[in-house]
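These notes open a run of structures that come right after.
What follows is a pair of complexes built around chain A, which joins chain B in one and chain C in the other.
Moving on, here comes the complex of A and B:
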């Protein structure tokens, strides 16, 4: 009997997408690291998931979390794919505010001004 | 599994240089998704993170249905605050057993807004405990449910055993202005803290 696929379960197992790896090749990726696709590199040789990721990112910048959401992949899997694409030069990143600086008063003031402007 | 979204609004402005994040936390059905949805400029997205109790992520990725693994949903949205700065809001349940996820989410986060329901105040303690353990500053917003008893804020402050400095506000998670005001109360508080820490540094110098 064919086991029934549970709702929301992916057709392709996550470990296939990541070649069996569970950790990205680099540990600098945050949920809000911004990803920018290089538009001069061919996509030949990339796995279908990496190709989808590149196609998603080519029109403009998105965060790691947004890419995971659009591709319907768990964050951990997305990070593995992104790290590979950084290694091959397909993706460049714009780092989030370094964690040593989240209490930076200038950033907080900018956030506050931006929120007040929305009222 | 869709192809690339069609709308241009999906993407960040090319001028954006910096991304920051705030967490929206609280117990089940307290209104986190509604809150994020009221504020986000993009259709709120959902992603998931697979949690394990023993850290056996490889087993989990292989799809084994081990009872020690669980999937935690993250609802998130985005607000472009100016040409160079974008704010992400992540809504997630604040349970102790998801500490692994918490560490990933809180790294680099500016702070957290705890959504609370006056009918179930006791359920907010665990969330606040996790935030305190992780050292992430927070404010509390009472989500006004229509059928919830109207409590005096001072009574609620006492019931939640909040520090005098911790902001406590009311909000309606369905309302954009009200939710924005709750975030403003949080960020104002975060700003006062940077002032205090500077003073502290001077004292120690």
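Moving on, here comes the complex of A and C:
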């Protein structure tokens, strides 16, 4: 129902976007890694995709998956671009907010018991 | 008496002799005339024989090479035969022959074109289908090694599709794909995607000009052919420089290579093909066939842009200039947020549910995977918060009159859209399904 763009219709193919590379220069990126743009570096000399990526990240942090969605690029291709931008200092990453630490089963049991006692 | 007889006889003989002499003289004159006439006739016959031989050996073969010329390239051998019936007969033979040659040639050309077109279109459709599956795989797989292989396959597939597309266009087919209006830079990069040595191509220039959707694919194809030529005819360690410029009544894509260049004859030949005035004869391309310029010529003539290759590049090779007139261009600002033109019907689900007062921005975009895109709202958050706190103080019943009117209008519009879309989608379902299959 939604006007979905078919992925095969991308005019600029992925290998042109990454200049033929498939391996990001660093292996630390994850789907949920948060990207923060450095404000002080100029955008001259960047490819159109990298420039758009910077513009997306300028107002705050976005995750790799979100950036890939906005750029309409595969995540693996986006990672190559992000790694390049990290190398040139345009982007810094922050590890994702850690999920809540699984609590002790004993504490959970106690809470459950307490709740049961009250209700 | 006896003397008289010899005298009479003498006179008789004399008269006879005189008559004989006169006759002989006359006969001699007649014979001489006959002889000269004979030789004349023999000469004429020989000339005609020669003329016939000339016709078979020289004039007809000359016609075979260029039957389109109105007057035969080689004329009569003997000028004396001009204006005779014989010459007229020869000319009519030539006419019939050239007519037959032309007919046979056009039939051969047509059947070759039809066969090539049909097969290339099916190959093109397959290449497109494969491209879709490759793209989906790229979206699905995250591993760099898989991506490397996919990129290679994708690159080969793009070149393969371009070849099929070029031959199909040459045979009178349409370029095949409907694309959204795209920035000129993206169009050039799209062309780069379809060339073997894409890594040697450097694109310079920043213009905020976009190409109209109907011209995107033709310009991509033409630029791709030029880039391929440029890369193919230059050393592998040199780069191909592309400059995109905006000019007074249009835009230019300038492609410079540092290759061997073209000599005068090649330039003339190329210019004739690029002008696209004459119909291209598929059976007469060189061996191996050279499609490039012919394809560009066909596209340029059909869509109204122009290509020239007659300048020398400052790098020593050829400078190719593609001039796209303003009629095929539009401004780039309208491109970014424009919805895909393939689906002009508004989506009822979005318009009805998103009319709440908070979303003052346009309807949300959708990613390739079909998920709604999250827009950053950090700078607007404070503004909406202010609005929300300020609003109740001046409103009665929670919302203003305009607000109420807007909501009612939106509701009515949504209902109408919903009903219309329901009717339309029932009717449209079948042709939409088909489109994907026959698209090529």
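Keep this in mind: the second predicted complex is superposed on the first by the 88 of 119 C-alpha atoms of A that agree within 3 Å, B and C clash if a C-alpha of one lies under 4 Å from a C-alpha of the other, contacts with A are read in each partner's own complex, and residues count from 1 in each chain.
As a convention for this text, contacts are C-beta pairs under 8 Å (C-beta built on N, C-alpha and C of every residue); 3 or more make two chains touch, one makes a residue touch a chain.
As the structure is a prediction and not an experimental result, all values here were calculated from the model.
By the touch criterion defined above, A:42 lies against neither chain B nor chain C after alignment on the C-alpha atoms of chain A.
In the superposition on chain A, A:107 makes contact with chain B only, while chain C stays out of contact range.
Once chain A of one complex is fitted onto chain A of the other, the partner contacts of A:24 are limited to chain C, with no touch recorded for chain B.
Contacts of A:77 after superposition: both chain B and chain C are touched. When the shared chain is aligned, chain B and chain C each come close enough to touch A:62.
Judged by the touch definition given at the top, the superposed model places A:118 against chain B, while chain C stays out of reach. A simple residue count on chain A separates chain B from chain C, and the partner touching more is B.
Within chain A, the residues touching chain B in one complex and chain C in the other are 13-15, 18, 20, 22-23, 56, 59-60, 62, 66, 69-70, 72, 74-77.
By the touch criterion given at the top, residues 1-5, 8, 10-12, 14, 16-21, 42, 45-50, 57-58, 60-63, 71, 74, 76, 78-79, 81-82, 85, 87-88, 90, 104-105, 107-110, 176-177, 180-181, 183-184, 187-188, 190-191, 193-195, 197-198 of chain B touch chain A in their complex.
On the chain C side of its complex with chain A, the touching residues are 128, 131-136, 138-139, 141-148, 150-152, 154-155, 158, 177, 179, 182, 185-187, 189-190, 192-193, 198-199, 216, 220, 339-340, 342-343, 347, 349-350, 366-371, 373-374, 376, 378-379.
Those residues of chain A that touch chain C in the complex are listed here as 1-16, 18-20, 22-24, 48, 56, 59-60, 62, 66, 69-70, 72, 74-77.
Taken in their complex, chain A has these residues touching chain B: 13-15, 18, 20, 22-23, 30-34, 52, 55-56, 58-63, 65-66, 68-78, 94, 96-99, 102-105, 107-119.
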